[in-house]
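Chain naming follows the written order as A, B, C and D, and within any one chain the residues start at number 1.
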Amino acid sequence: MAKGLQFMDRFFERMSRRTAQQVSRRHFVSGLGAAMVGATFLPVLPVSRKAQAAEDPAAAWAKQVEAQTKDPRACNYWRYCSSDGYLCSCCGGGPATCPPGSVPSPTSWVGSCLNPDDGKTYLIAYRDCCGKDSCPKCACLGSAGEKPAYIPQLNNDIIWCFGASSMIYHCSSAAIVGQI
Amino acid sequence: MAKGLQFMDRFFERMSRRTAQQVSRRHFVSGLGAAMVGATFLPVLPVSRKAQAAEDPAAAWAKQVEAQTKDPRACNYWRYCSSDGYLCSCCGGGPATCPPGSVPSPTSWVGSCLNPDDGKTYLIAYRDCCGKDSCPKCACLGSAGEKPAYIPQLNNDIIWCFGASSMIYHCSSAAIVGQI
Amino acid sequence: MKRTLTSVAFAAACLAAAPVVLADELKDLPASAKPLGGEQHNLATLSKPYPKRVYVLEPIFPVFVAGKIWVINGEKQDIEAVMSAGYAPNFAIAPDHSQLYVFDTYWSKGFRGTRSDMATFYDPLNLTIGADVDLPKGRFLVVPKKQNAEVTPDGRYLLSYNLAPATTVSVVDTKERKYKGDVEIPGCGLIFPSAGNRFSSVCSDGTLATATFDANIKATITRSSKFFDPDGDPVLEHVGIDKKKGMVYFVSYEGNIFPVDISKEKPAFQPKWSLLTDEDKAESWYPGGWQLIALHRATQKLYVLMHKGPKWTHKQAGEEVWVFDAKTKKRIDRIKLKEHAISITVSQDAEPYLFTQTEKPSLITYNLKDGSEVGEVEFGISPYLLYVDGD
Amino acid sequence: MKRTLTSVAFAAACLAAAPVVLADELKDLPASAKPLGGEQHNLATLSKPYPKRVYVLEPIFPVFVAGKIWVINGEKQDIEAVMSAGYAPNFAIAPDHSQLYVFDTYWSKGFRGTRSDMATFYDPLNLTIGADVDLPKGRFLVVPKKQNAEVTPDGRYLLSYNLAPATTVSVVDTKERKYKGDVEIPGCGLIFPSAGNRFSSVCSDGTLATATFDANIKATITRSSKFFDPDGDPVLEHVGIDKKKGMVYFVSYEGNIFPVDISKEKPAFQPKWSLLTDEDKAESWYPGGWQLIALHRATQKLYVLMHKGPKWTHKQAGEEVWVFDAKTKKRIDRIKLKEHAISITVSQDAEPYLFTQTEKPSLITYNLKDGSEVGEVEFGISPYLLYVDGD
């Protein structure tokens, strides 16, 4: 089992214990948000795994859609290889900027996408902007490396607003957080 | 001033007095509903006015859209000359039948449409079906004889759910209630 | 299966505008991975109001319980933000641009449960909510029309029309952020604010009612004589309006303009005039659409959406915009629209743009200098009403 | 202007199914008018459940706060009713057809305010609401997937998955109409009910968790050994399922079928087999879509939406439905779809229909006797999940 999944299990386990202690869901979620936002330790614990270019979903996607780095309002913008939803870039925000009046989520999942300009693979945090109903422009469905929701830390169908003041999905952003 | 308008004014006046007596809006509306549904006297007080075929909006509409009497799911079905909204006929109801799970409104406005089969003009009660969000199939916009909302008894933009248990518009029905 | 999708976890970023300090946190990355400091998850704010910003109110017809308001950059033809709203919302802008107001109705369980009506105060830069002011008498639930909710010229009061079926206007004090009372306007509708404590309404008998209210919302109502024929040629609900001067241009089904000066306590009715020549009438031109008329204040030009009838097509989208000089009462231009439009407005600056809401739907913008197309932006399912800063 | 639009008033009709007694009331009509007794304002009810009725759940993506459920007559290709719903709803049908269940989430002011989560009980004929059962732990908010909410085979309990981010299953007693408690399934998701007090879930480590709970919702969880590789070839979330026999056919990204018998306390894993021949693989065929697989119970035929990849296109709409005999593990038919589909289901009767939700969007129905098209009905903006009575 990969490190990330171990982390997730620990994470779930910890949260489950809290649930078991009869912490109400709403306190629980807001507690989580506070914990995550306020914590010095930010729980980014990636999974280590050997790259095999031939089966690299990021590279496959970049090739399939002719990924580009110029237009963050197009579905084939390189960072969106695993993004599912409405692009914040089309709704008054940017690839890593929430539109006015929305609420940036403190939580996200992290995928990896290939930058076609430098040929390098970057870690992308898929963070939702929350607090308003769907934005809804530029619906894009990237699914490179995306997994079912029983592996939540790799799933893009989930409303990634955990820890935000609202669980309402407005749009999808994609921030660079590392490089592989 | 036409009889209908007089009636409306009296109606408004009576209601205004009640409002002034600090009856809350919700009690007020439900009281209205009860009054209208339960009353032996149903306040249908049409306006008398001489017909002039040349300017008859019902006849003009029937000609313009090639009104028909066979398909109540088409916008040119003869009764819909002044109907604005989604046809209940397309959502599990009929021209005078609300779809399952919706709430028939006890109030309506009354227009008149020409039946192209018998060449006669009928009074049509435009009753909304309420209680669920838009149905939403067969959007039709008839505006024959339709007036601005400051003449509410002739306006089809209004949510005609007064007196129903819900002010949420689901679809539009059109029942025959008389003949001119 | 091997893959390079290697880095997967809940990632925690900091809230708006605070930098994300991921650098130290990526120590558990695989050897091949380098943290990059982490891109901020920023939160955008709007620039200050400017004349060519357009707010487009969208009652979403197939999902009527949840409307939207689109904030459009009319210079760049771009979306600046999207606001969420409820059932048949209305919108207004404070005259000093200091607030945006949404008049709204919700049910606690979406389409059922407890109803609540409110005026919501939005900061115009952050689009954050400053207040929900309860409207205890409710709101008029209708396909949204601009003059069903307004703000007084001094910005002091919000006015929200209600028909339940008594016809009243709810008054909200914007300073106190409180509902203050209702003004009864029996048999009338629509709100044309003319002073800090005065507004006029159109009545079903063809008169204009003018209500003046005091600080306790005690009102006196005066009724004008009949100035239009509600049976033969009623005026439409959308008007050309100069809120600063207190001038309203009503347009009727038959294409007549009824100018009314509401700046004084007693409305002054100017002679009606027709948009249509005999030739136009022979060609069966009619005004029509939804928000079908706009006024450019500085030049007193009127812009009217026109289509070829027959009669009783007053809601049909327009294929042309006709331009009139309200002073000379002459048509001075015809703009053939690229796409038929249901609503129009104009910016109030010196080099105005014409904004047209098409049936497509899209917002197509024309430069009024020469009628040329500036651009087109597509959004929404059924956008309906247009507002510009300073209109 | 003269006109014959003469009869205008508030007209009051009686409520559902009660006749309107207008005859006596039209005495004030103009001389030319004759009352006609007045047409009733009736209220329709649904016919009894039947195998080819399809419930289509629509999370409306551009207006996500307000979903819908469409009740479709799959025989006549017609809309029987439209139900309103909230945010990312789920749906379930009582095994005895006595209730419809909507698992739902609302905010008191549409997109803001107080959140409430509930299981709503609907009468299947009148579509009236019998109960809202509060789900105090919330619900999993995600693009709706069928196995996130279920009902036990005996109809006794509703099971609703939650990730907040603790992973639990909320249990509602349908007799008492009360929330009874939550079962924790750490690291697992999806619900496959197998008995009145038992369900299985898929875990992120490739195992199956099986939870058995008592009347107080005290649960014991057992974990199987790993039966699929979550890194290399995870199983998708939608399955072919025989809820009566307790048989689940998982399908994986790479087109493998993992049959699991969950009818006993301990799940029995049958050998995996592939949908794909070497030739199919050479042509790059993959399963894909959303609800991409269906089982016809009586014949144990599996229907799978297929498209030509590349890899990682597991959500791409299918261009063909491949038919497999789950006993012989052989493909027995290929149905070329008129329109690409994201979701499919089949009726469970002896002459089954295949229902396909297309991207158009529309519901296109095929007769499985010969693959011929039965008809097409268009509705909605983004319908997503299909349910049939008895599936």
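By definition in this document, a residue touches a chain if its C-beta (ideal position, glycine included) is under 8 Å from a C-beta of that chain, and two chains touch if they have at least 3 such contacts.
Predicted model, so just to flag it, every value in this text is computed and none were measured.
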By the contact definition above, name the pair with the higher C-beta contact count: B-C or A-C.
A-C
So what's the Cα centroid distance for chain C and chain D, whole Å?
39
Could you state the distance in Å from the CA-based centre of chain A to that of chain D?
27
Distance from chain C to chain A - Cα centre to Cα centre, in angstrom:
36
Note: chain D residues in touch with at least two other chains are 1, 3, 10, 62-63, 65-66, 84, 110-112, 165, 231
Among the residues of chain B, which are close enough to touch at least two other chains?
2, 8, 11, 49, 55, 57, 132-133, 136, 144-145, 162
When you check every pair of chains, which ones turn out to touch?
A-C, A-D, B-C, B-D, C-D
Interface residues, chain B side, partner chain D - complex
2-4, 7-8, 11, 36-37, 39, 41-53, 55-59, 82, 90-94, 96-112, 121-123, 125, 127, 132-133, 135-137, 144-145, 153-154, 162-163, 170, 173, 175-180
Please name which positions on chain C make contact with chain B in the complex.
61-65, 87-88, 107, 110-112, 115, 136-138, 140-143, 145, 162-168, 182, 184, 186-190, 201-205, 230-231, 234-237, 310-316
Which of the residues in chain D end up touching chain C in this complex?
1, 3, 10, 60, 62-63, 65-66, 84-86, 104, 106, 108-114, 116, 129, 132, 165, 229, 231-233, 381
Residues of chain C defined as touching chain A within the complex:
1-16, 20-22, 25-26, 28-36, 38-46, 66, 68, 71, 79-84, 122, 125-128, 379
Can you list the residues on chain A that touch chain D in the complex?
1-2, 5, 8-9, 11-13, 15-16, 18-20, 24-26, 28-29, 32, 49, 55, 57, 60-61, 64, 84, 131-134, 136, 139, 141, 143-152, 155, 157-159, 161-162, 166-169
